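I have a structure here, written as structure tokens, and I will follow up with some questions on it.
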Amino acid sequence: MIFSSDNWAGAHPVIAESLVKAAGGFASAYGTSELDKKVEKAFSEVFERDVAVFFVATGTAANSLALASANRPGGHVFCHREAHVNVDECGAPEFFSHGAKLSPVDGTHGKINPALLEKQIKHSRGGGVHGGQPMAITMTQATEAGTVYSLDEIDAIANIAKSANLPLHMDGARFANALVTLDTTPAEMTWKRGVDLLSFGGTKNGCWCAEALILFDTSKAEEMGYLRKRSAQLFSKSRFIAAQFDAYLEGGLWLDLARHANGMANRLAEGVAASNSTRLAWPTGSNELFVILKKETASRLEAEGAVFYDWPVPHTLAGSVAEDEGLYRLVTSFATQTADVDRFLDVVP
Amino acid sequence: MIFSSDNWAGAHPVIAESLVKAAGGFASAYGTSELDKKVEKAFSEVFERDVAVFFVATGTAANSLALASANRPGGHVFCHREAHVNVDECGAPEFFSHGAKLSPVDGTHGKINPALLEKQIKHSRGGGVHGGQPMAITMTQATEAGTVYSLDEIDAIANIAKSANLPLHMDGARFANALVTLDTTPAEMTWKRGVDLLSFGGTKNGCWCAEALILFDTSKAEEMGYLRKRSAQLFSKSRFIAAQFDAYLEGGLWLDLARHANGMANRLAEGVAASNSTRLAWPTGSNELFVILKKETASRLEAEGAVFYDWPVPHTLAGSVAEDEGLYRLVTSFATQTADVDRFLDVVP
Amino acid sequence: MIFSSDNWAGAHPVIAESLVKAAGGFASAYGTSELDKKVEKAFSEVFERDVAVFFVATGTAANSLALASANRPGGHVFCHREAHVNVDECGAPEFFSHGAKLSPVDGTHGKINPALLEKQIKHSRGGGVHGGQPMAITMTQATEAGTVYSLDEIDAIANIAKSANLPLHMDGARFANALVTLDTTPAEMTWKRGVDLLSFGGTKNGCWCAEALILFDTSKAEEMGYLRKRSAQLFSKSRFIAAQFDAYLEGGLWLDLARHANGMANRLAEGVAASNSTRLAWPTGSNELFVILKKETASRLEAEGAVFYDWPVPHTLAGSVAEDEGLYRLVTSFATQTADVDRFLDVVP
Amino acid sequence: MIFSSDNWAGAHPVIAESLVKAAGGFASAYGTSELDKKVEKAFSEVFERDVAVFFVATGTAANSLALASANRPGGHVFCHREAHVNVDECGAPEFFSHGAKLSPVDGTHGKINPALLEKQIKHSRGGGVHGGQPMAITMTQATEAGTVYSLDEIDAIANIAKSANLPLHMDGARFANALVTLDTTPAEMTWKRGVDLLSFGGTKNGCWCAEALILFDTSKAEEMGYLRKRSAQLFSKSRFIAAQFDAYLEGGLWLDLARHANGMANRLAEGVAASNSTRLAWPTGSNELFVILKKETASRLEAEGAVFYDWPVPHTLAGSVAEDEGLYRLVTSFATQTADVDRFLDVVP
């Protein structure tokens, strides 16, 4: 009953097998092999246009390089207050962009509030050289709160970015989970709406280590090549990433894995909703859900072997979580078993 | 007949298999799993003392983080002129250390000349705040020229580092190859002589992607944890590196692989030495060798399918390479076959 | 009637004359002249202990270098939300400290709320390498809101810094104005309470360009010498700063100038308090005051030649500023004339 | 007999007086005053075209900001090996440009050898992302060796910059000294030949502290405004720089001062040439000269009160400086007196 994080799973067998298969023989290094090229082509097909693909080691690297490429002196990056770039990356976005300032925007359930975003951009422009200047917007899909921006909601952010002449980055650490929820295409969820750069995550969805920064504007690819190498993110045996993505994208495996993870989260959500003592903190649309449990229930679950994290109660829930209750995050993955979900629900009264 | 680089090989079957084996089940992330801890312990055994181990994505990352941890404003890093940090890392060491200056030291066949090193350190101290200040020394073992520092030669550099109160870093991208040549222990080749930080490379010697920064002074580990994360080098499913190193270190596989690679290089060297038309540019002690071939021979080899790189003729060879000759680098690896070596030698007149 | 900012004044005649006097003859450069040394000694006398003094070009430089010297990877700097470092320095503190994150703390009228500060430091420690780590606290005396921390209030912040093992920086752009208000000594307002680094500003109080970073821990001076030079802040003809400070500190001129500026602000404050239509937004203790005027009065004042800035209404005043009113900032200086104050008050109904 | 450096002089009386004159009254801050604007206009007249002018604190700041504005990841800056940016700025150029690498080019007497420059640019392009990429060229006029590039020599460097599509920066710490030697116009010596950015120094030629970064491409001015502020180089009472430049440029004072300094250097040079025991190391064209003296003569001069620096003997002079001789640098300035030159020459046998 591991619901702590989707990065506690290992790799899907098909992906592990792809690594074994690619291990033999020789191939040119640093992203120039046939397999690297095959995968780059596959990404262009997935996105229905030419894209530039940069494999990197971590989602933090993809996010930070995206922001580095948008760098302006005294730059402000607008992101949700709870965004991974703002709270979980130890200043990597600031380091990669030479001291840019993250300007946190509020919004319910992990989503940037467009009106607040507009206001903060305007304020950022108002201070002249003293205050600094807007530099980029970054949004997370699916969000840290497990929610998913609808296409209209993406439009709202993208329109602001366009009006403000700011590049729009999407942190897609859980891109696949959002995509299958919206039942749309990768193109529709990104560049067709105005997303300029995408951190495309495979690691949380069944790969060992497969993250790619996707540039929809391929004219920026040359510069990014230098940025990536300067950041020590250019793998020599790059095809070990390619081998993972090759299996991941082949035949839609990535979508199947995300559907499975989301399905497990839904099963959990339905069970929780049917319970008398337990409830969802807010509805989500991905493989993360946030539940309010009696603390005693949480302890019982842990005693039974369930693993999951306490979560700080956000302002928006203040007053609706009782003294003897807590907020908890549950994350499912490609590796979550129905039996584990059901065992979990069995314990919940 | 692939002699282009040891990073053109894939992964050794035992290492690939270890990845498959580790792929199932769940484990805590970010370096905290049982497998991560097992491998950290294995490193302490390999080095006969407690060490702090930081898995990173690339050798460039290990080198750059080592230098970042030694950072001083206006700092000078002393390295060989041909060192990877100086010529092949796109400014990553400078970026990670906020603008440190690499101060290239000359020396024959890839080895830092100790007298020149001392002179440059002294000069660096002489300029006061205008000129900057010494900050670290980094040496490469085995070197970019395929040579290996003897233990006495390491002593010479380490004594200078100690006198100058400078941390000494060793770039061990080909650590195993040097180690088996010297027939010594990892401890003797590093901290027992005064090496403070080591980039321990597994990638070029049979892993897919397994690089570790080793700190012999474990009191610096806490700071390095932040430096690594801030540099976007902290893997979530860190055990995919651990799984590689687990197999790599188990039963001395890493030494066997290095012995094989070095043996193939020796076989090549002996064949070349026996030839009438071809000669070694200088003796090496690792899995790299540098040969002077007739250009016509090189072309013939390429036509037969051999892959290897032209190499710029260094000053020290000026005059000894004829018009119709060229300098070429040959690199062997765990995956090099005897038959390929012999086919290569068959073509050499 | 210039109440826009204290940096709209030029230089006090005695200070300008000191520059003329120092202009002749020759003296060694880069801070090594007799005059430089004389002024360094004067600072040690002013602070009743040995201090290390670094002249720099701007208050932003002094603040940023102070933070740079406290740098930690993934570091969080705690400051008031409205602090100059946070809103008016275009990311210089972040740039100088390689991407540190400013963590804004709330508090009424420009002063850090100690309870919130403690909470945020604790939170910062809680995220491990993902969240980053506490690195420094910076407070402003007098504050951006014109208020002055009492000695007890400084103690409260300093005790938190000490408990958390964090260096405490004081931005003293208006140090003299606060000092004469508290009627205490420079030592009592700084190191005796636990301040480690001080940006000592002379520019706003009658100098042309005289800012000094004061280190109370002189063992950090060597490193700061390199930091300053690397930041392009080491003046060659450094004695032009020394000449200003020489006159500034001589015979307590600096305190007289601050008393004058504060006195002019008090005179304004009293006049405003006596008015029927106008009131102070909050009480201040320096040379800045914030007044609520009818917009029509403000326009009339401007028509009469008064210069001052509109100020955004803070949350804490929400509701207490009427539709036809605005919040305005008035700043006095050594150069403010009683007649101008009185002309201003004459217009206020 | 102060020949140590031109920054040992103070300020010319006319310039000091201008500061006194500007000290009264009020003016808007941060470069927006009437005086600031007057001086900006004067610069446009001096250069016969619209230029963007950025006052900064030091020549190091001007140089470093120029390079920061040209920044590319993994960037290489080509400069003379002895250039101030390379040896006397404590890594500021690298810090401001986030870790760019200075690539030193050789050339006799402080001048970049164009053939070597071309070769190094080509080499820089050859390494792909591993090696980094060309980013800018910076030349010094007059050079650190006291020599002056002829207009043809500037053309040679500028043509290479143009072919390589690299911005060309000129470090003009001693711009005026070179200008009067060439007897040309500021426009001819800069943008008409292809210089893109100029560090225009006033400090060494009679100002207290007056350095300006001049952009000939005014479309880059907005970005530079943020870069300057982020680097803590935006003065509040900016008109104290403006007041210096106002007097400096007025009526050609700056050229008169440079002519005087150069004249004093020439008088020294002629005296040295006429001596039996002493000689010029190489001919120069500015206010710096390098002489070979008997060590005994040098000691005698010092005993008589002369101040000047020993200088390291460059390779190009190896063998031509006898055991009992040394190389010494003599620098004159606006403040050098004929009598001091003659007293110096009197001691030289």
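For clarity, chains are labelled A, B, C and D in written order, and residue numbers in each chain start from 1.
Going forward, contacts are C-beta pairs under 8 Å (C-beta built on N, C-alpha and C of every residue); 3 or more make two chains touch, one makes a residue touch a chain.
Every value quoted in this text rests on a predicted model; they were computed, and no experiment measured them.
Shared numbers divided by all numbers used gives the overlap of an interface; between chain A and chain D this overlap exceeds half, so the copies present the same residues. Set side by side, B-D and B-C show the greater C-beta contact count at B-D.
Averaging Cα coordinates per chain places chain A and chain B 34 Å apart. A separation of 51 Å divides the Cα centre of chain B from that of chain C.
Note on chain placement: the centre of chain B and the centre of chain D lie 42 Å apart, centres being C-alpha means. Those residues of chain B in touch with two or more other chains are numbered 30, 73-74, 89-91, 95-96, 98-99, 129-130, 132, 226, 229-230, 234.
In the complex of the two chains, the chain D residues touching chain B come out as 73-75, 87-91, 94-102, 127, 129-132. By the touch criterion stated above, chain C contacts chain D in their complex at residues 2, 4-5, 7-13, 15-17, 19-20, 22-29, 56-61, 64, 89-92, 95-96, 203-204, 208-209, 226, 229-237, 239-240, 307, 335.
The touching residues of chain A, when paired with chain D in their complex, are 30, 68, 72-74, 98-99, 129-130, 132-133, 223, 225-230, 234.
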